[in-house]
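You will see two complexes here that share chain A, one where it goes with chain B and one where it goes with chain C.
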Partner chain A sequence: MSNNNLHPDFDSDGAMSAGAGDELVAAATPGGTLVMDKDAGVPEFEEAAANSGPVKTRRFKDMLPRLDFKLGLGLFLTLGIVLFAIIGPFVTQDPRNYDNATFLKPGGEHLLGTNNLGADLLAQLAEGAAGSIMVGVVAGIIAVTLSLFFGIVAGYVGGYVDEGLSLITNIMLVIPGLPLIIVIASYMESRSMMVIAVVLGITSWAGAAIVLRLQAKSLRNRDYVAASRVAGEKTWRIICVEILPNLLPLLAAQFLSAVVLSILSEAGLSYLGLGPSGSITWGTMLNQASQHNAFYIGAWWWFIPPGLMIALLGCGLSLINFSIDETINPKLRTAPAAVKAIRKAEKAAAKAAKKGATA
Partner chain B sequence: MKYYLRRITFYVITLWAAISLNFLIPRLMPGDARTIFVDKLLRKGGEITPAMEKSIDLLFGASDASIWQQYFEYWGKLFQGDLGVSLTKFPAPVTELIGSALPWTLALVGLATIISFILGVGIGAFAGWKRGTAADGIIPGMTLMQSVPYFWLALILISVFSVNLAIFPIIGGYSLRDFPAGPEMTWEFMKSAIYHGTLPAITIVLASVGGWVLGMRNMMVSTLSEDYITTAEAKGLKRSRVFFWYATRNAALPSLAGFGISLGFVVAGSIVMEQVFTYPGIGKLMINAVQDKDFALMQGVFLVITLTVLAANFIMDLIYGFIDPRARANV
Partner chain C sequence: MSLEVKNLTKDFKIRSGMKSSNFRAVNDVSFTLEPGKTIALVGESGSGKSTIARMIAKLENPSAGNIVVDGKDSNVHGRALRDYRHNVQMVFQDPFASLNPFHSIAHHIDRPLRLHGKASNAAEAQDQVIELLERVNLKPAGDIAKRRPHELSGGQRQRVAIARALAPGAKYLIADEPVSMLDVSIRLSVLNLLARLQREDNLGVLYITHDLATARHFSDEILVMYKGNIVERGPSDEVILNPQHEYTKLLLGAAPNPANHGKLRDSVRAELAAGLSEDRDQFGTRGL
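Presenting the complex of A and B:
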């Protein structure tokens, strides 16, 4: 990490899980599958935050991602699906109305057809969107809150607190989440949507906490934080007022990742029949579709839309995340732009040279 | 040396935590898992010997002994390699069932992950190298791919390639018709296993490659704007040399270090996916156990999955410490 040399005490406190191990993990995370692709920019973010100057209003603006094609597409997908979840239930049938003909193909009165019981699948998709997004958002909030606690407190307070908290974090990181959730869920006779969301939240915060801890550790040594400490500010106030605002983009990215991961996990759980009982989510739709052999009878309108919605929402949120990344780590944005500019200049020069030659 | 010592200490503690978690979960959960389990066992026509009763009590914590005593007995059983008796395949011991399922998953998930990693890092490195060109266009595609649920992708692949085109088999890890006696060590059997494993492997690769590509691409873009790359280019080094020996080698380090962690996600995805393919691996075993409320088997499988992921992480840490001297120096 680029800051090690700047802060000699960065890793010298000899905490059991501090130092190399963590650094590997934090540095490691960009390669990770889901949650973790935003971490590439972590070291640079500190510089960006530090350089953005004393003017507070400008600083906030710098934190917002720049609107480009990727962000536009991401926002379009995400907002579109959220709107569908909100408005859908008002314009479609009751998703539990089983009076229609069964296995109707898409078209006409039922835009996405009906299932084996005659329920309108568009209505189910809308209700499922609301369910899946709800689970994802609640789990995301829980995960971010926990990662804030384990990450920032550990990183800022240091010492034995840090050792203890980061040991727990590292253990949670390497214990595979979904198998653990499957075990917990299978002991429950019935599971409400909230219970599923809570379980998903408390098993998926570790990756984010490790990144936050490194951030807090490095922010702690900044002059302005030291100044507040010397001025006698309380620890919680320093954390909330001096440290947290700098981490907002990172937190936003981690929240979105947690939402994506939770929606995916919920779908997997529900597909196995361990999802929220009695509720409709995209995962339970897929579960029903596979239980009634939609795949072998070719009822594609039953199983394609829910999975596609999961993928599209995940894609939308990840694209927003990608743009947040580019804000946190300006190199990601400036480097491709620079290459483009050079190429343009070369082309222009070649053109000019050609013109000169012919003239 | 200190690095390795600390890593080993960490994994020993994690091992202890994972096993203790496995001990605690059945005791903390609401509901009477023990009664359900015993009832099911009796209904299956099983007889409960005193020894078996003891192992059931240990699993669910229903005995009169204090929790500490139970805890130590649990460890004792574990050291003897005793994870209890399976309900579904009564009276097969849990360890035996896991033993026959584990190689399938290890081979499938292991191979597919390595392929996906190499492919992902390769594509990512190239996309990062060609930053600012049309290669940036792969970003939305890759984010879509990494958001696709494994099991859904598996279902789509089955419905296209197995049901409609009939190129690949629909279910199973090998042809049950050709090998009714179970796995054997012949070339024919291997061929059957590879043929059956192709579609599951493709699923894992497709669903996990996106994460590697995006991570590697971003690291590559960051690395390429480092001063030493500019220096290398200014020196007039060959483009290929800058690409392989200066940029890719450094940018790949985080991906390598994250390999073990990401493996956890791949394993999670594969569990659900094995259900779709009815693949005879550990994930299918776990799901069968869940559906039959065979808690002994379920707990055993969870423990083995956790231990396997821990072992993979440990090996990766050792390799990483060897590759990257900074890891060893920064202890």
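Presenting the complex of A and C:
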């Protein structure tokens, strides 16, 4: 196309911009505020366009992660273990019934065999599931509550409050967790499951609090928070009603992480003999198995099931967590696919180059 | 009966390592906003316009000077602060950031109504929400009220923000670049809406902008700000037609002038005709 052929386009363009110019002149004519009384006359394209869609009142649905293989497997594992913990005790023996023969192999009446005292290990596994999940959930709730307080209040209020709360958070962060728990646990004469959960909860909130503090710091500078302040909302209401709902996905992810961490820590503590005394958890099962040389005897049915259960529950919760992460940060969703696409394209290019060379 | 800004000054502390220095964002600014009048605050980014808006909205505390509304000093807390907010409200610049993505449109207008005692129960509040949405031309209001911000366009959101600012029954409205984030096609209707509401409620409007054309069109008085100082002030036409300060002249020069429409295009065409790009396909259009 030659340059001359472009001119008609230019001309029509020119006419259009001249028209726009006229309007600008009209708008700028002196005469104060009230000259332009065309409020009804101005066409409102945007309204018409946006109103045509159906009314949706989704609120929480947007925040739920997409159901894909990852989330499905995670939910399957987690819910399966929770169901096992709920239903198990009804269909198995009393886990403290020591009337059976000792060291029975799996099969027959005892699906997972018995231990050195003759207790049914399937029953112990079910009781242990309930115990471990209980400790994990209670510790998770305590950790999330503490991190919420220390993180959000510090981030939102700022100033000296922030300095003080951050100081506590940072101290808790650098204290090595497991040794502290061991010290606390070994000081206590008798340790119930709740005590262990509380100890785990108050030693594991600091990391989450730092993330929440930064999030709250960023959210408090959003215009909608400023707008709520201008409207006259009280501080606690701004935090609870305006800021917290937007942090729900993050809180859910932190809660699940805290649960996984607590279950693992509980197992570790129990294995060291510092777990809840008198209760059965997966950790105490492992502890007894190791104390009675289950490995050397070859009683694999004593230590493999609880270890596997810990791994599977941790895996399930982590998979759910990944899915929540993807809703918080949609980039994670497309990243693996993008990497794959690039690799594919590179391969195809290499193949084409090879073909070109041989041809 | 007026909103008086007296010798307002704001210093920000800038820390760099161990040293700290003061940055004066707003320097000794005074003006009086009367009901039914519009003052335009014009200036480039970083000139202190928005800081003034935030100080009047009580989002920042002034370093010196004060704001007096109807004879009452605004340096207050608690109940008196609520009375102040009752009178002074603000429309924010970015309608995509000023509405909480989690809450429905109704929530945004319902809360100020409740906080300022305009509605005592849910049914009353709902009626007023609908009424306010209709006042800002959002129809069907019942439908819009149920939606969440992401389902509305920029212009619609800014109307919601205006409705929210009107909800407490404010007498003074601070509009911080209310149309700068909107499509050009929507701006005029939003500004006309503001003008209509101003007439209906006899509002005093502080219109903050960097656009001299709308400032002249919309306001009675123009204040030109540069680096925290008011460098020129006066009736709108006076400032636009007879600028005194260098910076005002610069601003006017930078605004697109209708008389110049097509000049750039003509000069490009002249260059093309002169054969400057005969042998170079500068814009990659030769083969089209």
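Operating definition for what follows: the second predicted complex is superposed on the first by the 276 of 359 C-alpha atoms of A that agree within 3 Å, B and C clash if a C-alpha of one lies under 4 Å from a C-alpha of the other, contacts with A are read in each partner's own complex, and residues count from 1 in each chain.
In this text, a residue touches a chain if its C-beta (ideal position, glycine included) is under 8 Å from a C-beta of that chain, and two chains touch if they have at least 3 such contacts.
These numbers come from a predicted model, not from an experiment.
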Which superposed partner A:G207 touches (first chain B, second chain C, both, neither): first
First (chain B), second (chain C), both or neither touched by A:P179: first
Chain B versus chain C as contact partner of A:G356, first or second or both or neither: neither
Chain B versus chain C as contact partner of A:P336, first or second or both or neither: first
Partner chain(s) touched by A:L286 [first = chain B, second = chain C, both, neither]: first
Partner, of chain C and chain B, that touches more residues belonging to chain A: B
Which of chain B and chain C A:G232 touches, first, second, both or neither: second
Doubly contacted chain A residues - partners chain C and chain B: 17, 21, 24-25, 27-28, 30, 32-34, 36-37, 44
Of chain C, residues touching chain A in the complex: 38, 54, 57-59, 81-82, 85-86, 89-90, 92-94, 97-104, 111-112, 115-116, 137-140, 143, 146-148, 151-156, 161, 164, 167-168, 183, 185-186, 188-189, 192-193, 195-196, 198-199, 213-214, 216-220, 236-237, 256, 258, 261-262, 265, 269, 272, 285-286, 288
In the complex, chain A residues that touch chain B: 4, 11, 16-17, 19-21, 23-25, 27-34, 36-37, 40-41, 44, 70, 73, 167, 170-171, 173-180, 182-184, 186-189, 207, 260, 264-265, 267-268, 271-274, 286, 290, 295-296, 298, 300, 303-304, 306-307, 310-315, 317-319, 322, 325, 329, 331-332, 334-340, 343
Sites on chain B touched by chain A in the complex: 3, 6-7, 9-10, 13-14, 17-18, 21, 25-26, 29-31, 33, 121, 131-133, 136, 139-140, 143-144, 146-153, 155-156, 158-159, 163-164, 208, 210-212, 214-216, 218-219, 221-222, 224-225, 253-262, 264-269, 271-272, 275-276, 286-287, 290-291, 293, 295, 298-299, 301-302, 305-306, 309-310, 313, 317, 320-321, 326-331
Chain A residues touching chain C - in the complex, by the definition given at the top: 1, 3, 6-7, 10, 13-14, 17-18, 21-22, 24-25, 27-28, 30, 32-39, 42, 44-47, 49-51, 53, 55-59, 222-224, 226-233, 242, 245-246
